[in-house]
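Each of the next two complexes has chain A plus one other chain: chain B in the first, chain C in the second.
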Partner chain A sequence: MPFHRFVEIGRVALVNYGADTGKLCTILDVIDQNRVLIDGPFPVTGVKRQQIPIRWLALTDFKVHIGRATRNKALVKAFNGSAITTKFAQSAFGKKLAAKTKRAAMTDFDRFKVMLAKKKRSVLINQELAKLKKAQAKK
Partner chain B sequence: SPSRWFVCSLCSSRRQLWTYSSPSMARTPKTRNTPLAGGIMKLSKSVMHKKAGRWHRPKKVVESQKAAAAPAPVVKQIGGEKNNGQRTILPKGPKFYAAEDVPKPLSKIRAVRPTRLRSSITPGTVLILLAGRFRGRRVVFLKQLPSGLLLISGPYRINGVPIRRVNQAYVIATSTKVDVSGVPSLDKFTDAYFKKPSKVAGKKSEEEFFAAEEKKKEIAPERKDDQKLVDESLIAAIKKVPTLRQYLGARFSLRKGQKPHEMKF
Partner chain C sequence: RGITTWSWLFECCSLSEASRGEKMTIHQFQVVGRGIPTEKNPNPKLYRMKLFAPNQVVAKSRFWYFLSQIHKLKKTSGQILACHEINEEHPDIVKNYGVWIKYNSRTGTHNMYKEYRDTTINGAVEKMYADMASRHRARFSSIQIVKAEIVPASAVKRPYTLQFINHKIKFPIPHRVQRVSSKSLRSTFVASRPSTFS
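Entry: the complex of A and B
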């Protein structure tokens, strides 16, 4: 099984640990085997330029075309040019993350409404299933 | 705004200074002093006395400290030629002087006020009762009584919970609010309204003692009327929100994998 996501210059990653948890960042430079230099860019994602252990990152499918340790202005241009934020939100990873945060932010009333919706959905599914079973039995 | 965390400049260790929910609740005085490390301030008490201008402030005279005015001597008119016409009678001193120093009792400065109400609980908040006869029910909060207990109502027609008192400690406040602007005045609901009549402790005869207690608890018609009065407007407001009536009628319970400290209510 080949790898598709690499720790490389321009790779967009999600910070999984530390103060910037949940934010996207771009890998600008590799420091050593365990650490990389990242930047949000700060005006776009809120992650300041810093070194970070690779263990704290979750790599995404996206890559930005930049040179080594690009400065802020060029980085913002490249990042926004590739529309990374919207692309990530539309990706499976991004959608799952959004669903997770939404679920965590549910209030007691929301949970109740979800329960009602799930019940309705299962009723519809079971009705269809019953129809299919009936059709099958007739054959 | 003041930082919740005190960071030691020497060892960079952090200490949480206060655990209030908002910084405004921490009554930190505005001082012209700076902390150094470990709770030690830069300027001493005497230096701060000068700096804050405390020498300049007028002393507040506490009523109790004012010495009671000594009773005035009484001047009595007396008869008799050689008796000078009048006598000045000085007030007598106390008959008893304590042999030992009497310890002064500690001052009782305590304002009697209802329990501090959590900021998440406002009139109309849906509460989840955690204990008691109606545990698991979702009810509507109406107001806080002077005793500190919370006045709640089911409403009765929705979940069987009458207008009742409930302790704040046994309640989870949800973020769901019901519009209670239409609810009539709740002034008649006081702690005295709910107080159980005290049972007169008397000697029971043998027959009474062994007789089966078949008294049915009769609810006074006034209570029922009050319940209807309050619930009418509540239910009208609840009906306006879709599925809110079902929500209040349902019971709360924890499901598998749910952790209350990680849940948002």
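Entry: the complex of A and C
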């Protein structure tokens, strides 16, 4: 089972713990077995330049082409150049995350709408299922 | 008072919720002192030390500890002229720090050279104290820092530090234990074993 996501310079990760939970960041340098130096970049994702334990990160599939410990301006250019924010939002990971935050922010009215939509969907499914059963019974 | 001696001791030693189990945060101070001017010696020599201590109080105390070892000067016969904190010049880049120490073990006193990778010298010195405490049971008071400075990558000695000096460093997380972002989301029981593949 080969690994596809690595802790490396330029790897985009999601912060899973601490004050910046849920924000994307880029790994700028590896300090240690357990710690890395990250930066949002701050103007793009809101994560300041800091040390962070690897345990607090979730690696994504995306990588930015930068050198070791790039400065802010070059990092923003590389990050936006690779369109990481949009690419991440379109990825499966990003979509799941968006769905989770949406679900957590649902009001009772939203839940009501979801209930109605689920009912409609199950009606359609059952109609199709009835057709298939009928076709099977005829055989 | 109707309480046992152990619980009384615990109450005396207990720390606040926030500080219990936290590492001591180290700061670097520059302390300048001299002997108190007398008629015989109206302009005593100034002595300056760069120290690592948790706060200014300890810094000043350590200043006198070292000064009295080297010169015929002590707190009662001297005065501290300045005690300023020295801040890190470039806290946003990772550097290799070499720390030269002299420490007292239970049976003797030894010199050591240790290396740490960190963004600040304060962080490296904190790591050193934690490392010495865990590996050699040496406490803050038994350790004297002879020198703590940035070591260029070409001069790094320890294999543990050397393996991270690589601009193309790349490693996977073979066994990733996902950490829950908040206690309320933690579940004691789960239906299926979590995947540790990253």
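In this section, the second predicted complex is superposed on the first by the 139 of 139 C-alpha atoms of A that agree within 3 Å, B and C clash if a C-alpha of one lies under 4 Å from a C-alpha of the other, contacts with A are read in each partner's own complex, and residues count from 1 in each chain.
Basically, contacts are C-beta pairs under 8 Å (C-beta built on N, C-alpha and C of every residue); 3 or more make two chains touch, one makes a residue touch a chain.
What you see is a predicted model, and the numbers here were worked out from it, not measured in a lab.
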| item | value |
| --- | --- |
| Superposed partners chain B and chain C on chain A - clash or fit | fit |
| Partner chain in contact with A:Leu24 - chain B first, chain C second, else both or neither | neither |
| Partner chain(s) touched by A:Ile38 [first = chain B, second = chain C, both, neither] | neither |
| First, second, both or neither for A:Leu116, with chain B first and chain C second | first |
| Partner chain in contact with A:Gly67 - chain B first, chain C second, else both or neither | second |
| Superposed model, chain A: greater residue contact from chain B or chain C | C |
| Vertex chain A, arms to chain B and chain C (CA centres, degrees, nearest 10) | 80 |
| Partner chain in contact with A:Gln51 - chain B first, chain C second, else both or neither | second |
| First (chain B), second (chain C), both or neither touched by A:Met106 | first |
| Which of chain B and chain C A:Leu59 touches, first, second, both or neither | second |
| Three-chain overlay, closest Cα atoms of chain B and chain C, distance in Å | 6 |
| Chain C contact footprint on chain A (complex, rising order) | 1, 3, 5-9, 16-17, 21-22, 29-32, 37, 49, 51, 54-56, 58-59, 67-69 |
| Complex contact set, residues of chain B against chain A | 126, 128, 138, 172, 174-176, 243-244, 246-247, 250, 252, 262-265 |
| Touch list for chain A against partner chain B, complex | 104-109, 112-113, 116 |
| Footprint of chain A on chain C - complex, ascending | 92-94, 117-119, 123, 164, 167-174, 177-182, 197-198 |
